[in-house]
Structure formats: structure tokens, C-alpha cells
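In this document, chain identifiers A, B, C, D, E and F correspond to the written order of the chains, with residue numbering beginning at 1 in each.
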Amino acid sequence: MGPEGYACKDPTTVTSDDFVYTGFRGEKPTTNIFRNHLTLAFANAYPALNGLGIALARLDFAVGGVIPVHSHRTSEVLIVAKGTIIAGFIDTNNTAYYKKLEVGDVMMFPQAMLHFQVNVGKTPALAFVSLNGANPGLQITSSSLFEGNLPGEIAEQISLLSHQEVTRMKKLFGTT
Amino acid sequence: MGPEGYACKDPTTVTSDDFVYTGFRGEKPTTNIFRNHLTLAFANAYPALNGLGIALARLDFAVGGVIPVHSHRTSEVLIVAKGTIIAGFIDTNNTAYYKKLEVGDVMMFPQAMLHFQVNVGKTPALAFVSLNGANPGLQITSSSLFEGNLPGEIAEQISLLSHQEVTRMKKLFGTT
Amino acid sequence: MGPEGYACKDPTTVTSDDFVYTGFRGEKPTTNIFRNHLTLAFANAYPALNGLGIALARLDFAVGGVIPVHSHRTSEVLIVAKGTIIAGFIDTNNTAYYKKLEVGDVMMFPQAMLHFQVNVGKTPALAFVSLNGANPGLQITSSSLFEGNLPGEIAEQISLLSHQEVTRMKKLFGTT
Amino acid sequence: MGPEGYACKDPTTVTSDDFVYTGFRGEKPTTNIFRNHLTLAFANAYPALNGLGIALARLDFAVGGVIPVHSHRTSEVLIVAKGTIIAGFIDTNNTAYYKKLEVGDVMMFPQAMLHFQVNVGKTPALAFVSLNGANPGLQITSSSLFEGNLPGEIAEQISLLSHQEVTRMKKLFGTT
Amino acid sequence: MGPEGYACKDPTTVTSDDFVYTGFRGEKPTTNIFRNHLTLAFANAYPALNGLGIALARLDFAVGGVIPVHSHRTSEVLIVAKGTIIAGFIDTNNTAYYKKLEVGDVMMFPQAMLHFQVNVGKTPALAFVSLNGANPGLQITSSSLFEGNLPGEIAEQISLLSHQEVTRMKKLFGTT
Amino acid sequence: MGPEGYACKDPTTVTSDDFVYTGFRGEKPTTNIFRNHLTLAFANAYPALNGLGIALARLDFAVGGVIPVHSHRTSEVLIVAKGTIIAGFIDTNNTAYYKKLEVGDVMMFPQAMLHFQVNVGKTPALAFVSLNGANPGLQITSSSLFEGNLPGEIAEQISLLSHQEVTRMKKLFGTT
């Protein structure tokens, strides 16, 4: 993809298929620790988005599933396709704005602010989001702190979480 | 809404409701000349988007309905929610890229390029789009040329369309 | 050209000539279907503009010549060098703003809005435009619809133009 | 402040003092729960920055003090003025990059990524940061989750932290 | 003018005249110290440019006239309308790129780099420039140093110019 | 460095060291013609800044040392670490805003405006600046005019400086 939004492929070989993304088709498993499935149509998965300043994701929730608290450098809008979720974000004054959303409802999440979605209905839920950047840089807070190589001792110091809890979380994420 | 994405309302009166848009709920009539219904969740209808750089729209198509050829200053991504549509855009070399899309399929439309969607299925269709700007500046080509105050004589000169056709189109849009 | 506005050529071989564009010199033929000649000093023709966010074009009009209705992702300003033209644009409410311009007059055209220029004088006309992007992405509406590979059937559906007129236009552009 | 970086004050009353910020002078107390003191020279405190796209902060650390894990919509660079700190950030793959810094060392933190600083020396520490935005939108992760109005039950669901730990943290922040 | 490029005037009172600038008409005196005349069609003189990201200027040169060395935060392109000028810019390595230009020739000047134009022909010269910003922030180097309130002593220190020369220049600009 | 702020190095070989810059350590000589030393932590010296939109510099002043009048395409903020300096900038109306700064004081310099710093104390001085761009494009006015290949004759014409002074300056910079 060049800066103008056309594919970096040899232009003579570009076809309409290059501009269409079909990765949202079908059923998605929701068996991970958060009982969700994230399908990211960001530029690495959907190269036609390069240079366009926009991306999408499909959010699948099992009953009780959540998209855990996370952030990214772009703004986001969400639309509920199935089920009933609570969606919300927290602002720089630590005020949380959250609301139960029905099918067809839309909620926005400002650039870089922590936000989350929780399936509070009795059925699986489905939502789609779009983000105003082709490479949004998604960062899940608990995964950042406990799922990678950050030493538990530092995680404690920078979060004020207890030694016991950090140990529990690292065990949950398989990093002890 | 201030530049940081919070409402220009007195901040002490902001509630979660200010961040949620419910205008996509319910059925929409598709009885206009294009047999479509556009529900625009742009910043004027959904003020929380101000400063966020993103907007949405819901596209309803009757059987045979179309979103006529149009453009805007933002990029766009579309996701099909119901039905079967052909979506496409035309690039600066006059090459059209278009494809039949099924439910769940996504297509992107580069910034400012002419594009369109046509319901080619036997049932009504529904799609959602998002755009990377809070005020995308939607301009429908035929409406621009024939539905406003542009004199028919100028419309002919700048499009090479025939006098007879321009007259027909202005009659169709009620501007003769 | 790097992002800082200097040529991607080996810097030791860059000379002042790399920063000067001489393609606007001389007479230009105005014998095409629009009786105009567009000389585009965009980044592909004038590589020193890469990374600078600006480009130019020279517009030559025969008597009766037009720059047909078109759009691009950048804003534009025009200055009349010779002759008398009507220039205008159409906004998102389908309102056309147009005016007869004399030598030295300037008109602006907002980003992505359809606009046009018509030589309404008794002599050839000449104008220069500049655009705030090195790759403006010029798209001529009638050429987009009739000069490329867009099937006539789709062109009809997305414009509401008649079958007869679409056929006439494609014949005019040599694509039937 | 207008868009050009000059004060919105009556221009005839602007003096050099309006462009200078003196809030970093003197000693700062480091007695809060994190044993730090943040002095933010963002646009609300230093209005001359409006429209300039840049801001600063002074970071004071008691012995053992930390700047807890946080994020903002801008990039950041830090320079150590006194003491020895460990600074780091976590990327979108959950990889933490962190390093012990001496006086004069600089570290960068990419836009919107979680990052932190810990005084690991035996004396108080001092650092200055700058950020490429006049209103960076600082969000401290633990404060977002536990210091505001987010219900503990939601905090648990979206972080996977235990009920017991969430209760402990809310007590620590005085919000139970 | 709002951020979308339409006038801040009551929209119902906007006419085509608001989008046209006629200040480049007629003859301009070239009797100042530089034997030039600058006519700036920036946003304050041509409000329709607000939000469009582009501006223009007309440069008139008497025989021997110059546009003295200057800079601005935008990039610039120049087109020669009459006469013969030498135009050039200096890059960050102190390399000057300059060239004699004929009617119709174009030269570009990268954002914020010092540049200049000199009429080297035997007749008056005329050029037009455009800049990719509505408020380019033009700053003429000699005027900045000698025509305002900067004390001569500081001017000497920060330029290494001699006391005698600074005194001569301030006398020339009427500020001793 | 890719557009997302991570190194263009093979990602598997990136370490924390790649994100830290140590070039500000130690003493710097201040024996040049301006009795200063500029240490630029711009993207070419500190590649991790690529794509981050921010850069830094260390300014060392001998007694009587100056950072001569200069400009760049970014905004800048300065913080005084040692000594007493006068810092200032000149706006587009030729008004100079300048002030004596003590340790800890901050001053901002708007994008592309000429600015300067002078050590007015009896000891060496030290300051740090940051700029909201990874490649600010620093241009020192006197060096631009006298230290490179710009012919003295042109330098005179475009500055109104005397032949005698231009000759003296070029001798000072070793370019006659």
C-alpha cells in the first residue's frame, strides 16, 4: 500500500479482491481466559487499509465474556450486532462512563482512554468496532502487566497491587 | 465537545448517555428515489464524536435500492449486516473495483474517491460504515449536479451530458 | 524525496535544477473532448514536491473549453492568468457557488468538493491552481463513470442517468 | 491562545512573562501514596502552549518513589536530572523494555503505550519529560481502575483481578 | 470559516463573493526599501481560506527589487508571471540552491527553510506563490532583527554581526 | 523505525538499549565561534525517535556563550538546568519577547519563529530543549547566510547588509 491507499502490489495485478476483507465470516471460538474472540482487521491482516487511516475489529463474547480493559492510540466507535453488553471508558479524572447497550446502539471511546465491554446478557454477544488508524496499537492492560516479561516485582511497584495478587495473575497468564 | 473529545456541555452535567448514540435503532423507510435510507451518525447528530476523528452511518437498502455514487473527504470502511450488495469505488485512473459482498464482508473506500453500493439480492439489505473524520462531508454526485441551484446549462458544460438528459434529471429531482 | 523535502537522489548529486519545474513553459494544445489541457505538476512529475504537501497545475482553455466537474482530496486555490472564466464548487447541501472571474482573481475550492471551470470569454483562457498535497488524487466525474471499466448498467443504477444517456456517454469516451 | 501559538489574551497586553513558565521552581513534596510529585506544565497550567503541540512535566521521586504505570495519547521523552531510576514501557506484544538510567540519560515512550519510572537509588530522584501535545491526557492505570467511580464488580471482570484485591485497592484509594 | 471550510458568517448570508479574492487586481507600488510589494492572500485577508490549509501571495518586484530572505512554517511553490528572477533556498547544511527562472517556471521552497527571490531582469517582475497553510506566519529575517524592538546589543550577540553594522541596519529600518 | 515507533531493526534483536540515548552524558566543549555546544538527539542520532514526533537537544554555554538566532519547523520548549540565560523569540510582527531565566524556568518558542538564548550569567550554563518532531530541521541564520555556498553578492541583496559586513562575516566563517 502506498501513501495514497493503493496496494504496494504491482498495480497491474491488483484486483477488487485486494480491497475486500472476508475474515469476519463464520463462527469464532470464545474459549480463551476472557471468553472472547478478537478478530482484528488491522493493516497487517487487511493490507488495503495501509495509508487509509482506518481499521476494524469483530468482538465475539461468550455468555459472561469480556473485552478486558485496554487502550490504543486511536479513537474507536462500537456497534452492537447481537446481545446486550455494558461498554464504558474511564477519563483522565478517573470518572467511568458506562452504559448497557442494545442491538444497534453505538458508543464511542476517546483516543488512548482505557475502555472495556462486558457481555451482561444471557446469550453470546457480537459487536463491531472501527478505529481511526490503520495500526491502532491495541494494548490490554492485564496482559501488559502479567502476560509478558515484566518482572513481578516491578509490576507490584508500578501498580500498588499486592505481591500475592501479582503472583496469582502471573500464574493465571502462565508467566511464573 | 472540546478538542480532547469531551463534551462542550458543562462537564458536571455530562453523563454516560452523552457518549451513546441510539439513532440506529428500529426500522428505517426506504422509499426515496434511490430506495435507500441513510442514517448519518456524524458529529452534528452525535456530538460526542467532535474531536474524535471518526463517524458512522447506517445504510438501508430496499430490494433494488442503491447508495448512489458519492464521495467525501474521509476514508470509509463498510460491513454488510444483511443481504447481498455490490460495492465498489473508482480510482484516479477511471478503474472501477467492485465486488459482490456477503454478510460479514468488509470493503474499504479510499479518501475522496467516488464509490457506491447496490443491493443485488432479493431481500432488503443493511450495512454499516465508519469514516475517519467526525464531519466527513458527504456529497452525492447526481444530487450535486441536479438537485440544487446549479444551472442546467452549466451542468451540461461541465459533464458533457446532453441537454435532454440534464432536463430529465432536474425534473426527477424537482428542480426544473 | 525524503520526508523532510529533500530528494531521494544521492544527496551529493542534487542540484538546483532538481527543485525547479519547467513543464509549464510553452503553448499547450486544447483539442481534447473538453477543449482543455491540464498540465499537472504533482509529485510524480515534479519529485521535489514529495513530502512538501503542495502541488500545482496549469489549466489551458480553448474558446468554450471547460475543466469538467471533478474533485480531489486536497483543497485548491485558482488564479486566472488570461481570459474570463466561470469557476465554482458545489457544497454538501447541493448549493453551487460560482462566479465570473477576471485576470488576477482568485477562487478557492474546499477539500473533496466537486468543482469546475468554464471559459466564458471570447479568447483562450489560462489559469494556475495549487493544491495542499503532493498527490492530490484528481478524479474527473464523467471520466470516472464513462471512460473506464465501470459497466454501463452499474453506471445507470448509481447515477439514475438513463440507459440511452449512459450509452451515449460511453460512446463519446470510446468505451462501448 | 490562538491556533498560531499566540495568547488569546488581548495581543496588546501580551508580555514576555506569558511565554515563560516558572512552576518548576523550588522543592516539591513527595508524600503521596506513590511517594512522587507530578508537576504538569500542560496547556491548562501554561496557556502559551496552546496550539504549539508540546508540553512538559517535572517528576519528583522520594527514595522508593514511583511514577506508576500510565499512558497518554502523546509520545514522551524523559531526561534524568538527579538520581537513578528504572524507566520502561510495554509494547503491544506485552514485551517490557526497561533500563536503569543515570543522570543525563534519555528514554522515549511511544504514543499510548503503558510506561513507568521507579526510583531505584538511595537518594531522591528528579526527571523532566516532554510530550508532543499540549493536552496529553495522562491516565494512571491503578487510579483509573480504583480511585474513581468504576464499580468494583466491573473492575474485577475487566481485569481478572480478585475480588479481595480489588477491595484492597479501592480501600487504599479511599473509594470503598 | 468553520473547520470544514465554510464561512463563519451566518450560512444563509454566504454568497459566491465570499469565496473569491480580488485583492490581486491592479498595479502595486514597489517603492519600499526592498523595491517590492507583497500582497498576502492569507486567511485574515481572505477569510474563506480558514480551515482549507492553503494561502497565496502576489510578489511584485521593481527593477532590482528583492523579496528578502525569509521563512514561514509552510512549504511554498512559486510561479513566475513576468520578468526574470533568481529564486533560491538554503538547507539545514547551509547549502544554497538557487536558479534563474523564466516566465512560467516553478520553484518549491521546503517548510521553514530560509529562501529569497531577486529580480535580475531589466524589467519589473511578477510572481505568485501558494503555501500549504492558511496562516503561514511569514517572517522576514532582516526585519525581525532590525525593524522591531529587539535591542541592538542582543542582535549583535545572536548574529555575530558588528556593532557598527547593527547600528546601520537599525537606522535603515528607523529603529535607532 | 517503522511508523509505529518501533525500530526498523529486526524486531527479534531489539533491546531496551535501543530506546535509551546516552549522548547527553559528560562534559561538552564550548570552544566554537559561538562559545556553545549543541548536542542534537534528533532521529538520525537517536533512531528510536523515528515516527514518534519528538526530539531533544542539550545546549551548553560557556560564559558569554550564545545559541545564535535560528529556526526550525517544530515548536520547542526549553528548561534551564544550570546558570542564567536570556531566551527569546521574535514574532511575525517583528516583536521580540525575551526574558532572563533561572534554573528550572521553562520557555516556549513557536513553530518556525526565530529564537535565541544567551548566557548572561557569570558561570557556564546548561539547558535542555525538546521539539515536537523527530527531524526538526535546525537552521542557524548567520550560518545559512555566511557559512555555506551562498554568494556574498546575493547575501547582500537579500539582507540589505553592507558589502563590507558580508565580507567580514564570510571571513569569520571561513568562506571567502
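Methods note: a residue touches a chain if its C-beta (ideal position, glycine included) is under 8 Å from a C-beta of that chain, and two chains touch if they have at least 3 such contacts.
For reference, the UniProt names are A, B, C, D, E, F = Germin-like protein.
Every value quoted in this text rests on a predicted model; they were computed, and no experiment measured them.
*Asks:* For the homomeric pair chain D (Germin-like protein) and chain F (Germin-like protein), should the interface be classed as same or different, according to whether the shared residue numbers exceed half of all numbers used?
*Replies:* Both copies, chain D (Germin-like protein) as well as chain F (Germin-like protein), present the same residues to each other, with over half of the numbers appearing on both sides.
*Asks:* Only C-alpha atoms count here: how many degrees separate chain A (Germin-like protein) from chain F (Germin-like protein) in terms of the superposing rotation, rounded to the nearest 5?
*Replies:* So the copies are related by a turn of 120 degrees.
*Asks:* Where does the A-D interface recur among D-F, C-E or B-C, taking recurrence as more than half of the contact pairs being identical by residue number?
*Replies:* Duplicate interface of A-D: B-C.
*Asks:* Tell me, please, which chain's centre (mean of its C-alpha atoms) is farthest from the centre of chain C (Germin-like protein)?
*Replies:* Measuring from the centre of chain C (Germin-like protein), the most distant chain centre belongs to D.
*Asks:* By mean C-alpha coordinates, which chain is most distant from chain B (Germin-like protein)?
*Replies:* Farthest by centroid: F.
*Asks:* Quick one: chain E (Germin-like protein) and chain F (Germin-like protein), Cα centre-to-centre, how many Å?
*Replies:* Taking the mean C-alpha position of each chain, the two centres sit 24 Å apart.
*Asks:* At what distance in angstrom does the C-alpha mean of chain B (Germin-like protein) lie from that of chain A (Germin-like protein)?
*Replies:* 26
*Asks:* Approximately how many whole Å separate the CA-defined centres of chain B (Germin-like protein) and chain D (Germin-like protein)?
*Replies:* 41
*Asks:* Would you give the residues of chain A (Germin-like protein) that are in contact with at least 2 other chains, written as numbers and ranges?
*Replies:* 4, 88, 91, 98, 111, 137
*Asks:* What does chain D (Germin-like protein) use to touch chain A (Germin-like protein) in their complex?
*Replies:* Residue positions touching the partner: 33-34, 66-69, 71-73, 86, 88, 90-96, 98, 111-114, 116, 118, 137-139, 141-145, 147-150, 154, 157-162, 165, 168-169, 172.
*Asks:* Which positions of chain D (Germin-like protein) touch chain F (Germin-like protein) when the two form their complex?
*Replies:* Contacts found on chain D (Germin-like protein): 4-6, 14-22, 24-26, 41, 46, 48-49, 52-56, 75-77, 79, 81, 88-89, 91, 97-99, 101-102, 104-108, 110-111, 128, 130-133.
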